[in-house]
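Shared between the two complexes below is chain A, which pairs with chain B and chain C, respectively.
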Partner chain A sequence: MITGTPKPIEEILEMLEPYDNIVLAGCHGCVTVCRVGGEKEVQVLASTLRLAREAAGRKINIREVSLERQCDPEYVEQMRPYMKDYQAVLSIACGAGIQFLAEKFTTTPSLPGINTGFLGVTERQGEWAERCQGCGDCVLHLTGGICPVTRCAKSLFHGPCGGSVQGICEVDKEVKCGWQLIIDRLTALDQLENYGKLKPYKGWNTSRDGGPRRIIREDMI
Partner chain B sequence: MKSGSNLEKVLAAGHFSVTAECGPPRGANPDIVRKKAAYVKGHVDACNVTDNQTSVVRMSSLAGCMLIKEEGIEPLIQMVVRDRNRIALQSDLLGASAMGVRNLLCLSGDHQKFGDDPKAKNVFDIDSMQLIHLVKTMRDEGVFPSGDKIEGAPKFYIGCAVNPFADPFQIRVPRLKLKVEAGADFVQTQCIYNMDKFKKYLELAKKEGLHEKVKILAGVTPLKSAGMAKFMRKMVAGMDIPDEVVNRIAAEPKEKQAEKGIEMCIEQIQELKELEGIAGVHVMAIEWEEKLEQIIGGAGLLPRPVVE
Partner chain C sequence: MLPCTGRIDESLLLKAFENGADGVMVIGCLEGDCHYVSGNIRARARVERVYAILEKIKIGPKRIRMYNLSAGEGSKFAAFANEFVDQIREIGPSPINLVRAGKAQVVTEKEAT
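Entry: the complex of A and B
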């Protein structure tokens, strides 16, 4: 899923300074699962903002909505009938959702209520961790199902570097060395021969470095 | 000769080689480099110039190389893949070769977290293994990785680094093997203090016949004090300093610890010199270049051979 973290309330209040009448839009997708932008979070954030603005002596009207997905036009269009009645939309969906609102409602400012994080998994209740950088050229079959681009702090293709000690990365005591994980996994799978091959230079053009990416499925158009 | 560098010639002639390193200054004052160079001159076959080590901004490695070259020392340029993509790396390789730098050390580079710009974006477009391959391709095939012909291929004696003390130990020799296959001509190791573990590593490397394919230069760093040993052990990931080493220097009164550190370093070089498969020593006297003559001379490695 795409993860995120709430922006500090002070930062949101500063963003909302010019407005008295806004839409607060959540999303039932990833951000609901990681508890940062779902229906419940819309309610909590709206109440917090109302109270803060009331205390500051300047009330704010907030329309609360939660779309099935902010990244799909059919759901985003549900907002169109009333958008003209509001000065801005504060979205607590991921960066894609926030931008999609901006794109669809060209005259309404779209503001970010969260900081979008990464493509990750729920390791345990309340803890999410990154697993994929969406680089567009997957090598997981060669690395025991553990991604060197994401799990190694230097994205090395022939790790581990000299800073790997007892399974821990030199960057942070809480971070496991991605290459130790890969070596352990390749050993367990009896695939260590995969390690001994020089890998070609990665083509980052399939990643962010090639500019905004697009997928076109002719069979679906 | 692949590069015609002095280091390559000394090693090819079968001499036990000596390299050292100069860290460029945190500023644009060339006299600091010249002062360090004066301590190095005549005592080494080549001198490494570090590339923003520990991610702390310093004068560029290439500029440092040119300054020590002017002082009559053969430079060995260190190049990390942390700060430059493959375009910049190729360009700097061409530039360094054009300026007469003939030795190169290919490194990943310390993570930017450890430097004074921890919020910097890192690059790691290719890794150090791939940099070795890239240089070898440019040197031996005279082409860029894109396949285009190079007008004047760069000439480098290609080096890599290894840390036999990092984990997992089982992968350390296979990783060196991979670097050799990628094109490394020589290797400089991380500072060795745990000689038993290093000997185990060397035996495994020899089993693979690596000592015959790559010149292994053993890295040593003289300890200035027991405090320095404890600090390095605690703060530098992958630095293995056994208790007996720390205890030996700690047993001396404070004012005699530096002298003891030098004595221990000399002993260690002498022991390394006798090991089959060790082709030379890399003396990293960190901010202590003035002791190089004493250490290298003390180990019986002066004067340095002149090979035509």
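Entry: the complex of A and C
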């Protein structure tokens, strides 16, 4: 899922300073699962903002909505009938959702209520960890299901490097060496020969280096 | 009607303040004695989150408190209720109620965060 963390309330209040009438939009997708931008979080943030603004002597009107997904046009369009009645939209979806609202409602400022994190997994309740950087050329079948791009701090394809000591990465003693994990896993799977099948270099042209990416599925158009 | 404090979430507690409460007291069963296993533990975590929110927006964290009691502890309930009411009287009306009553010592936006 795409993870995120709430923005500090003081930062949000500062963003909302010019406005008295806004839409607060949540999303039922990833941000609901990581408890940062779902229906419940919309209710809590809306109440918090109303209380803070009223205590400051300047009330704010907030329309609370929660879309199935803020990254799909059919759901975003559900907001169109009333958007003209509001001065701004505060979105607590991921960065993709916030931008999609800005694209669709060009005369309404779109403001971020969360800081979008990474593509990750829930390791336990309240703890998420990064697992994928969307490099566009997956090699997990050769690396025992452990991603060298994400799990190695340098995204190496021929690790472990000299900074790996007893399975720990030099960047942080809490971070396991991704390549040590790969070697250990390949050994356990009796697939160590896969280490030699990795490309000597990785083509990053499918990753972010070529600018914003686009997927076109001709079979679906 | 709530079957268990585990049903209480942060938005319900904040709504009480929006609706003009000066203080909110949450009373759950004794810890380890929840009919739904961990409802009162969850409620406590949510009360703590609201406590942090009220502190950040200068409404005052002392306006919310959770107590744990069994249904047989009537006199203890009365004592806790009196204690909490005294605490709220001492703090005074919530800034929201002061603004609504027009007696506002308005909290500036900077102070509200």
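Quick note on the criterion: the second predicted complex is superposed on the first by the 217 of 221 C-alpha atoms of A that agree within 3 Å, B and C clash if a C-alpha of one lies under 4 Å from a C-alpha of the other, contacts with A are read in each partner's own complex, and residues count from 1 in each chain.
What we mean here is this: a contact is a pair of C-beta atoms (placed from the backbone, for glycine too) under 8 Å apart; a residue touches a chain by one contact, two chains touch by 3 or more.
Quantities reported herein were computed from a predicted structural model and do not represent experimental measurements.
Asker: For the overlay on chain A, clash or fit between chain B and chain C?
Answerer: On the superposed model, which is not a single observed complex, chain B and chain C fit side by side.
Asker: In the overlaid three-chain picture, which partner chain does A:Val121 touch, first (chain B) or second (chain C), both, or neither?
Answerer: neither
Asker: Please work out whether A:Arg50 is in contact with chain B alone, chain C alone, both, or neither, and reply first, second, both or neither.
Answerer: Touch status of A:Arg50: second partner only.
Asker: Taking the superposition as given, does A:Leu189 touch the first partner, chain B, the second, chain C, both, or neither?
Answerer: neither
Asker: Does the superposition put A:Ile9 against chain B (first), chain C (second), both, or neither?
Answerer: second
Asker: Have a look at where A:Lys40 lands relative to chain B and chain C in the superposition and call it first, second, both or neither.
Answerer: After superposing on A, A:Lys40 lies in contact with chain C but is clear of chain B.
Asker: Report the partner of chain A that touches more of its residues: chain B or chain C.
Answerer: Of chain B and chain C, B contacts more residues of chain A.
Asker: Taking the superposition on A as described, I'd like to know which of chain B and chain C A:Cys138 touches: first, second, both or neither.
Answerer: A:Cys138: touches no partner chain.
Asker: Touching A:Glu170 in the superposition: chain B (first), chain C (second), both, neither?
Answerer: A:Glu170: touches chain B, not chain C.
Asker: Between the centres of chain B and chain C, viewed from chain A's Cα centre, what angle do you get? Round it to the nearest 10 degrees, please.
Answerer: The three centres form an angle at chain A of 120 degrees.
Asker: Contact-wise, after the overlay, does A:Arg58 reach chain B, chain C, both or neither (first, second, both, neither)?
Answerer: second
Asker: On the A-aligned overlay, A:Glu17 touches which partner chain: chain B = first, chain C = second, or both, or neither?
Answerer: A:Glu17 sits against chain C, while chain B stays out of touch.
Asker: Once you lay one complex on the other using chain A, what is the shortest C-alpha distance from chain B to chain C, in Å?
Answerer: 28
Asker: Would you pull the chain A residues touching chain B in the complex into a rising list?
Answerer: Where chain A meets chain B, its residues are 153-167, 170-172, 177, 179-180, 183-184, 187, 195-196, 198-199, 201-202, 204.
Asker: So in the complex, which bits of chain A are touching chain C?
Answerer: 9-10, 13, 17, 40, 43-44, 47-48, 50-58
Asker: Quick check on the complex: what are the chain B residues that touch chain A?
Answerer: 82, 86, 108-111, 113, 122, 124-130, 133-134, 145, 161-163, 166-168, 170-171, 174-175, 177-178, 181-182, 190, 237-238
Asker: Report the residues of chain C in contact with chain A in the complex, numbered from low to high.
Answerer: Touching chain A from chain C are residues 9-11, 14-15, 17-18, 53, 56-59, 95-96, 99-100, 104, 106-109, 111-113.
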